[in-house]
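Encoded as C-alpha cells, the structure appears first; notes follow it.
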Amino acid sequence: MKIFKNSINFAQAERIAQGKLIKVNDSIINSAASLEQADNSSIAFFQDRKFFDSFLNSKAGVLIIPKDEDLSKIPQRNYILCEKPYLSFLRIVSFLLEKETESVSGKKVHPSAIIASSVVLPENINISSNVVLEQGVRLGDRVEIDANTVIKKNSQIGKGSHLFPNVVIYPETIIGKNVQIHSGSIIGSDGFGYLWDGKKHQKIPQIGGVIIEDEVEIGANVTIDRGTLGNTIIKKGTKIDNLVQIAHNDIIGENAILCAQVGIAGSSEIGDNSILAGQVGIADHIKVGKKVTIAAQSGVSKNIDDGKVVFGYPATDMKLQRKILMSMRELPEMRKYFHKLMKKDKK
Amino acid sequence: MKIFKNSINFAQAERIAQGKLIKVNDSIINSAASLEQADNSSIAFFQDRKFFDSFLNSKAGVLIIPKDEDLSKIPQRNYILCEKPYLSFLRIVSFLLEKETESVSGKKVHPSAIIASSVVLPENINISSNVVLEQGVRLGDRVEIDANTVIKKNSQIGKGSHLFPNVVIYPETIIGKNVQIHSGSIIGSDGFGYLWDGKKHQKIPQIGGVIIEDEVEIGANVTIDRGTLGNTIIKKGTKIDNLVQIAHNDIIGENAILCAQVGIAGSSEIGDNSILAGQVGIADHIKVGKKVTIAAQSGVSKNIDDGKVVFGYPATDMKLQRKILMSMRELPEMRKYFHKLMKKDKK
Amino acid sequence: MKIFKNSINFAQAERIAQGKLIKVNDSIINSAASLEQADNSSIAFFQDRKFFDSFLNSKAGVLIIPKDEDLSKIPQRNYILCEKPYLSFLRIVSFLLEKETESVSGKKVHPSAIIASSVVLPENINISSNVVLEQGVRLGDRVEIDANTVIKKNSQIGKGSHLFPNVVIYPETIIGKNVQIHSGSIIGSDGFGYLWDGKKHQKIPQIGGVIIEDEVEIGANVTIDRGTLGNTIIKKGTKIDNLVQIAHNDIIGENAILCAQVGIAGSSEIGDNSILAGQVGIADHIKVGKKVTIAAQSGVSKNIDDGKVVFGYPATDMKLQRKILMSMRELPEMRKYFHKLMKKDKK
C-alpha cells in the first residue's frame, strides 16, 4: 500500500479516472493498494475475474470496476465504473505521485551536504544528507538529490531530475530534464580501453563524456562508461533496467527499452524504440536498427536491420531460431540414425 | 587468517569441536587460519592427504586432525582428533564469530549518523559513520548498520540483522531477523514497468513493497525491486549471491540458492529449496517448482515441475540436454553427409 | 573534451609526441578533444581518412597528423607530423593526466572524513568528503580516496592507488601500488558458501582475504569476494571491466582482461594474459591456462589449455564451434529430410 502526502475526494477521483462514480457515502482517498491490502482510505481496482473473491472481500474505500459490471449482483458500495479499470487506477496513482513531486518547493538543503563554493542552487531544490556536489556542478529547478550521492565537478543535472541515494556522477556528465537515476548507478566511469605494449596493458585515457537526455530512467546498479574521445549518449525517453552495462561511445536511441543485465560493448548503436530483453549481449561496433526486438540472453555479433525480431546465439531471425531449437530436441535421435546410415554405407 | 576479539582455551576448543584433545602444552587460541598461514595462537585443520606436507610444516598452536590419524607417525604436538576435521573447525570459527556479534551491547551510534527525530533506537545497537535513517524507520535489537548505508522512511529491520556499508533500503521495506545484506545492494528500487502510449513510455507507478524474511543473506551489489502493487518477497533462509537481479512481484521460496548474476524477470516464483546456478535467466510470470536445480547460464521460459534438474536454453531435462550437446559436436559431419545424400537424391 | 589542470607549449608537445612540429603561430595546449569538439587551446589528431572533412573543419590549436600527409593540399596550420597520430595523441594525454596525479602533493584531508585514531596518513595524500577509514588502515604515499568510500579495519592501499567514490573495502584487504578501483565496487565481501544441514543452509565462515596486486584496474560495480580460508588473488596488471563477479579463492593471473559482466565461480584460476570477453561464465574449480581467449557469453565447465581460443556453451575450440553454428542453420532442413528417410525406412 502506498500512502500519499496529498488526498483527493471521490469527485476528483471520478474526474481523473474518466469514469462514472456510484457512491453510498463520501470520504477521501490518500492511499492506493491491491484489493487485499486496501483499507477505507484506499482506492483499488478490479479487472481480472479470477480475483472476484478478493474484490468482494476488499476493504477499499472506493473501487474502480469495469463499466459493464452487473451492479445488481455485487454489494452496494463506492464504485467508479471505467472502461479500463487498471489504466484509470494508474491515472489516479500518477496524479497523486506528481502532486508529491510538485511539492519540492523552497530550498531544502540538509546541513550535512557538502557543496562546493561555485555551485549555485536554484530556488526549488531538495539536497539530502551527505550529498557531495563538487566545483562547477549545475542543477536545474526542482532537482532532488538523495542521501550519499556524489556529483563530481562540472556535471549538470536538468530540471525535475531525481537521483536516488548512493549514485555517482563522474565529472563533466550532462544529464537532461526529468531523468531518474536509481541507487548504486555509476555514470561516467572510465571506458575499458587498453593497448598491449608487449609488456603491459597501457591504459587509453578516457576523456570523452556521457550525455543522458530528457526523460531517461536508469535502474539500480547500472554502469554507463564515459566516451574515449567523443560521448556515450542515451537518447530521450529510453528506459534502462537494473545492472545494465553500457560501454564507452555507445549510442542508445530514443525510447529504447534495455532490460536487466543487458551488456553492450563499446561503440555500438541501438536504434530508436528497440527492445533488448534480459541478459542480452551486444558486441562492439554493432548497429542495431530501429524497432528491433532481441529476445532474452541473445548474443548479437552482426548488425541488425530495422524492425527485425531476433534471438539466440548468434542472434537470428526468430522463426528460423524457433525451428532450430525444435529440431535440436530430435538431434540425438538423428545422430543415431546417421550412425546407422554411415555404417551401412561402409559395408 | 582471521583474528577474533575473543579467545578460547584448548579445553573449550575440544568441547566445541566435539573431539578429543591431545596436548603437549597449553595456550589460548584467538585466530583461525589455513595450515600455511597459522601461527601459535591459531587453530587450523588437516583433512585432505594432499596437504600432508603443509600439515607437517604448519605453525598452528593446535591442529584438528582425523581421529584415525596414526599418532606414532606424526610429531608430538597439540591436536584435537575429530571425525570430520573441517566441520569441527567450522564449529569453532562459528562460535568465535557469534561471540563477536553478541558483543553488540550498549548503544553505539557514531556522531556522524543522521537519524530522523521519530526513530527510536533499541538499547543494543551499532550505527556506524554517515548512516542515514529517515523518518519512521524501526530497528530491532542488536541491529548493525555499517558506514554510509541509507535506510529510507518507514522501513524496518528485524533484530540481529546486519547491513554492510553503502547499502540502500528504499521506503516501506520490511526486513526480518538475522538478515545479512552486503555492500552495494539496493532493496526496493522501482520495478521496471512502462506502458507505451504511442508517443512515449508511460511509467507504471511502482507502489508495492519488498519483504525479506528471517535469515536471508544477500550478497554485494544485488538489486531487488519493489512490487508494482503487491510485494516482492524473499522467503526465510534463502541465500542470494552477488549481482543478482530480482524484479517486481517475484516470490522466492524458502531456503533457495541464487548464485551470482542470476536474473529473474517480473512476477515469477521460485519454489523452496531450489538452486539456480550462476547467470541463469528466468522469464517473467514463470513458476519454478520446489527442489529444482537449474544449471549455469540456462534460460527458463516455461514452468518447471518440482524436483527437476534442467539446463540449456531453453532449459530442458538434464539428460536430454547432455545428449543434444554431445550430438552437436558431430553436427558438422552430419551436415556433410546430409549434403551428400541430398545430392545423390537429386540424381 | 578533457581540460587539464596543467598546460604544455607546442615544443613540449612535439617532444612528447615524438613527432615534427610545423607551426604558423605559438600557443599553449590545456585540453584534448575530438576533431569536432576541439578549440584553439586543444590538441586533436587526424588519422582515419574517412574523417578528412572533420579534420579540415577542426578548430584545434594544434593537430597531430600522419607524417606522410601532403602539406601542399591542406591549409597552413599548426601540425605535429607523426608516424602513428593516435599513439602520439595518447602519449600527450597520458603525460598531462600523469602531471595531474603527481600534483597530489601536500596532505589534503576533507574535514568531513572520519579517520580512526590509529591511522597514520602519509605526507602526500588526498582524502575526500565523508570517507571512512577504520582502525588499522594503512595508506601509501599519493593515495587518493574519493567521496563516500569506506575502508574497513586493517586494510591497506599501496602508493599511487586511486579509489573512486562509493567504493567499499572490507577488512584485512591488501591492495597494491597504482591500483584503480572505480565507483560502486565491493572488495572482500563474504564468499558464497553454505552447508545444508537438513534443515537450513549453515553459513561457512569466510575468513580468508583478498589481495589485489600492483597496477590492477577494476571497473564500476565489480564484486570480488574474500577467500574462505586462503585468499582471492588478482595478480599484477590485470584489468577488470564493470559488473564482473569474482568468487572466493579465485586466482586471476597477471595481465588478464576480464570484460564486463564476466562471472567466475569459486576456486577457479585464470592464467596470465588470458582474455575473457563479455558475459563469459566460468564454473568452480576450473583452470583456464595462459593466453587463452574466451569469446563472449561462453560457458566454461572444463579446464582449458594454454593458448586456446574457445567459445560457445560448453566452450569449445573456436573452429569447431563455428562449423557447429553454421550447421545449425541447416538443422531444420536436415530434420525434414531425416523424417522423410525414416518414413521410407519403415515401409
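All chains are identified by letter, namely A, B and C, in their written order; residue positions are counted from 1 within each chain.
In the analysis below, a contact is a pair of C-beta atoms (placed from the backbone, for glycine too) under 8 Å apart; a residue touches a chain by one contact, two chains touch by 3 or more.
Since the model is a prediction, treat every value here as computed from it, not as a measurement.
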{"item": "Between chain B and its twin chain C, rotation from the CA superposition, multiple of 5 degrees", "value": "120"}
{"item": "Same or different residue numbers at the chain A/chain C copy interface, by half rule", "value": "different"}
{"item": "Chain centre separation in whole Å, for chain C relative to chain A (CA means)", "value": "27"}
{"item": "Chain A, residues touching no fewer than two other chains", "value": "130, 148, 166, 184, 221, 243, 261, 279, 328, 331, 334, 341"}
{"item": "Chain A partner contacts - residues on chain B that touch it in the complex", "value": "114, 130, 132, 148, 150, 152, 166, 168, 170, 172, 184, 186, 189-190, 192, 194-195, 200-205, 207-208, 221, 223, 225, 229-230, 243, 245, 247, 261, 263, 265, 279, 281, 283, 299, 301, 313-314, 316, 320, 323-324, 326-328, 330-331, 334, 337, 341"}
{"item": "Residue ranges of chain A touching chain B (in the complex, touch as defined)", "value": "1-2, 32-34, 36-37, 87, 90, 93-94, 97, 110, 112, 128-130, 146-148, 164-166, 180, 182-184, 215, 217, 219-221, 237, 239, 241-243, 255, 257, 259-261, 278-279, 296-297, 312, 325, 328-329, 331-332, 334-335, 338, 341-342"}
